[in-house]
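The two complexes that follow have subunit A in common; it is paired with subunit B in the first and with subunit C in the second.
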Partner chain A sequence: MEAPPVTVMPVTGGTINMMEYLLQGSVLDQSLESLLHRLRGLCDNMEPEAFVDHEMMFLLKGQQASPFVLKARRSIDKAGIPWHLRYLGQPEMGDKNRHALVRNCVDIATSDNLTEFLLEMGFRMDHEFVAKGHIFRKGIMKVVVCKIFRILIPGNTDNIEPLSLSYLVELSMVAPAGQDTVSDEMRSFAEQLKPLVHLEKIDPKRLT
Partner chain B sequence: MSGGPAVRISIESASEKQVQEVGLDGAETYLQPLSMSQNLARLAQRIDFSQGSGSEDEGSVAREQDWAEEDEEEEEASVKFQPSLWPWDSVRNNLRSALTEMCVLYDVLTIVKDKRYMTLDPVSQEPLPPKQNPKILQLVSKKKSLAGAADILLKGAERLSKSVAENQENKRQRDFNSELLRLRQHWKLRKVGDKILGDLSYRSAGSLFPHHGMFEVIKNTDIDLDKKIPEDYCPLDVQIPSDLEGSAYIKVSIQKQAPDIGDLGTINLFKPLPKSKPGAPHWQIKLEAAQNVLLCKEIFSQLSREAVQIKSQIPHIVVKNQIISQPFPGLQLSISFCHSSNDKKYQKPSEKQSAENHLYVLEHNLHQLIREFHKQTLSSSMMPHPASAPFGPKRMRLAGPQAFDKNEINSLQQSEGLLEKIIKQAKHIFLRRRTARTIDSLASRIEDPQIQAHWSNINDVYESSVKVLITSQGYEQICKSIQLQLNIGVEQIRVVHRDGRVITLSHQEQELQDFLLSQMSQHQVHAVQQLAKVMGWHVLSFSNHMGLGPVESIGNASAITVASPSGDYSISVRNGPESGSKVMVQFPRSQCKDLPKSDVFQDNKWNQLRGPFKEVQWNKMEGRNFVYKMELLMAALTPCS
Partner chain C sequence: MGVTCVSQIPVAEGKSVQQTVEMLTRKLELLGAEKQGTFCVDCETYHTATTTMGNPAQPGKLMYVMHSSEYPLSCFALFENGPCLITDTNFDVLMMKLKGFFQNAKANKIESRGTRYQFCDFLVKIGTVTMGPSARGISVEVEYCPCVVANDCWNLMMEFMQSFMGSHTPGIPSVFGSKHDSVYSPADTMIQYMELLNKIRKQQQVSSTGMR
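Moving on to the complex of A and B:
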């Protein structure tokens, strides 16, 4: 059966258009401890929480060339927590004055039958992975240090192997659109992590 | 010469050198010519010194002779000397100059001796008198060596004092560092530029109060070395913001009547400050005081914000440093923020009404509440799971997937504010106090029956309970009918009877009092019932709520009728909370003398019927209380067989 033609419109989250500001970097496994130690000192004085998440990418091929991408993520180690469905728009590098990558962002909490719903809608799963790591908080900034694991058997999150010998470090912040000044705060925070990890705005288009 | 053959004659010059010998082969051996010194020595050997020469002239003649002799010799031996350099020339010259000198000396002496031409005067010589010189030299050298020694000593002393100062400086530095370390263990510090700033706010504990709460760490090392270092000297000092100086507290009080509106907000109530020790207080004390001021400020600002936001029937009043609320009609709860800065002008004590009114419990609870509030803000900002999810309370995120309705979402958002909580607590405290007072006044006013109140020691902030026992003195064991459990809440008092009945009373004082009075009156009747059982009497009728007789203003009268074991007598008691007790005794008809003989009851058996009731003059009865009197009465009416 052929999927009905879908027109993909830019997605906005309700009345307030939220943007995600993002900086990325990575550290080798050996220097993870020192990075965590530094983050523990810099971030709000809550103990960092460990997490194990399972993320799936869903694609919807529309009429346009670029498919519509949704990320569905669930927590493996915590029970009774809603799934998280996320739409991320095209990243904008911006000029030099903006110190972070910015993209449109819509966050929705959903029930656990999200997968079936998306498949019914015509999405298909592109890839999936497991992320294990720690999450820190500093004000409204979120710092996620995690390792990406490849899932060997589709759907089985127990059977995994690490993708690389390094940890992904993401510094992100969700703010209403147009508040580019918040990226200054992110930059200064990234500066403080400097010798341990270099957080930069990485254009995903260049990676492909 | 011409005639002969030419003969060759070889002519050679006479040998200059003497021939020592001629060898057999004809070779001549020459003597080496004498050197000059050898010549001189040879000539000197020839001088005959014994042949004196009286004068110069003789000498010269002799010399002439010598010279002549020499000349002769010189003829043979080639003489290389120059004539002027004859050997005695120097001797002669010396002698001649000596002679000249002697002559001059002789002349000078003669002239001096004659004193005709010149005299000899001592010439004044330049200083350096030969006698003083050594002393001065000694002195100078001593001086010099002393100065050298002093120099060395001075240098040494300087170095010593420098090292001592350095040591002290080091020590102070070390002290400063160790103090800083200690400070660091308790307070948040960070370095900004060349300053060390600290944070005394409760922000890290979850406070949202916008005050920055910064303090600066100062190195207090420039103290005069010569002065005695005071005992409480500390190389580290802190500078706190001026608005956090002094001491502060929150005063919570409950007053009966409202004061003049004009007086509002002008309350400046201060406990007399404890005499602060002279000198700067320790940084720890300073910081704690400042933190306390900050917390009090936060509490008050939170309360005032809520007071303005919350809609209540009687609006809360916020004036300057005071919040006034009316928990119950005619009652006023006032919360004041008292901050004594160091200037003394506000120290006018208006303390008379304050000291005893201050509810320390509520002040403490306010602190506790704000800390709970802090904790809540901390814990509400849980880390999101999955990690990509936004920050926020988990339950809010569940609202969508679980399809919460409006009420459920409302209940999520609703949270009781600080002010509401503290008002509730104040209400409870007030109600508890009033209940205690009511019970106490009843107990002191009414001796029979007795009221005992047992307060539980451990209470909730919103609920406490008291057990009320109504007993009669001496009969505590048999009269245990009335046991009330009073649960004092915020707005009302719930009374739980021993049999499980629950009565809810409002906060009005009168209600409780009336209730207790009716319970006491019932107690008497219950006591009679219990007594009757013990005494062997029979209960004929019993009613807690009599429908007969005069109407009581509070509650109902209760009544009991008991009959003696033989059935001859009966006692009827009616007890009302207001009217008091009324005791009647019914006699057998036979004992009634004044009863008119009726024609109807001819038979003797009718005499066994009971006759009319007679009231007992109860106040004239003996006995200390009602039950005792009743016991005596029953005993009197029981015939001893």
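Moving on to the complex of A and C:
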């Protein structure tokens, strides 16, 4: 008779109050190779992971002025991995001592019926895009270099065209709230990528 | 993971919930089932805030968020007759963020806790269903581990259940109907628990209004 399994009570609550620290920038298509080359040298010793993702933005409108936004992401090129649901809070620019944009974030792995479930919850899809690129890691920092593609026929991820002639570069990390010193590490890493790419904390409010 | 049937067993006449549970577990132990710790399934109800949603097409739809000790790192979100989303436990954090849109009906939190038994290829979980401080009923979950196609093992499961549930052996669960010969999944078990816990909650509401 095999040993009885240890029965545990369900872990409820998840990880509370995680913050995403973010720096963003972009490079023109012709500079991509030199940036990837630099990142291979600076990041952890691993081959960068290539990805093709489909991301959908869902909105839930209420009486509040701003709708509730959730991002649903799925891999197009790899089968059988969970969908990724992400909540991002209001971004805080902070003062000069904080070197990255900070926002509350909740990352959830889900089953593949996420779209159907969000619609059932009352969410509506606002927009979608395809992102193709590479992920590098350095410690808990993540560097994503990707190209954003517009989807020409809603829902059809085969029929796409590039949004611009450049690549989006994002340096991010997720850490518990109140650990602003982690942004120092991000700044020094961003310094090492100059002048190939200038990573800055970009206030999304400025773009709207 | 195999095929599972979740059902309710009525409280024996003149006995308390606890005494009925003891009678059942004694029968199982006499059969030779081995005790393997405890289990817990909980279910929280969320109201869609219809007043804020302003969507008359979905008046007061209820959403259920459930956890099971059999899948300790997962969270199951369901609608009645709707999809069941399986997520990690960060979904609970998201529900807190969604407070303005979905309100947790805390008084409706209902759970089943009890003992987990193994009898050869079967897992049996006898649980006391509680809502707040009071015991409301008894749940019996029977899982036949080696099979994942419901139609292929239902007769065997029924025969086994008859051995300790007698006349209270349930009929074929409605989730089996939609499965035909497809693979049974943990979501199907949670749907059965959701239906059972809702039934027990409603029974109580009816009997408490009847007493007034």
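By our rule, the second predicted complex is superposed on the first by the 193 of 208 C-alpha atoms of A that agree within 3 Å, B and C clash if a C-alpha of one lies under 4 Å from a C-alpha of the other, contacts with A are read in each partner's own complex, and residues count from 1 in each chain.
Heads up, the rule we're going with is that contacts are C-beta pairs under 8 Å (C-beta built on N, C-alpha and C of every residue); 3 or more make two chains touch, one makes a residue touch a chain.
The structure displayed is predicted, hence computed values, not measured ones.
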First (subunit B), second (subunit C), both or neither touched by A:Asp107: both
Which superposed partner A:Leu60 touches (first subunit B, second subunit C, both, neither): second
Partner chain in contact with A:Glu33 - subunit B first, subunit C second, else both or neither: neither
Which of subunit B and subunit C A:Arg137 touches, first, second, both or neither: first
First, second, both or neither for A:Glu49, with subunit B first and subunit C second: first
Touching partner for A:Ile81 - first (subunit B), second (subunit C), both, neither: first
Which of subunit B and subunit C A:Asp203 touches, first, second, both or neither: neither
Touching partner for A:Phe68 - first (subunit B), second (subunit C), both, neither: second
Subunit B and subunit C footprints on subunit A, overlapping residues: 107-111
For the subunit B and subunit A complex, residues of the former touching the latter: 204, 378, 381, 383-391, 394, 397-398, 400-402
Subunit C residues touching subunit A - in the complex, by the definition given at the top: 34, 36-40, 42, 48-49, 52-55, 58, 63, 67-69, 71-73, 75, 77, 79, 82-94, 97-98, 100-102, 116, 118, 187
Touching residues (chain side subunit A, partner subunit B) in the complex: 44-46, 48-49, 51, 53-55, 71, 73-75, 77-78, 81-84, 86, 107-111, 131, 133, 135, 137, 140, 142, 144, 146, 174
Residues on subunit A engaged by subunit C in the complex (per definition of touch): 1, 4-16, 60, 62-64, 68, 85, 87, 89, 106-111, 113-114, 116-117, 120-122
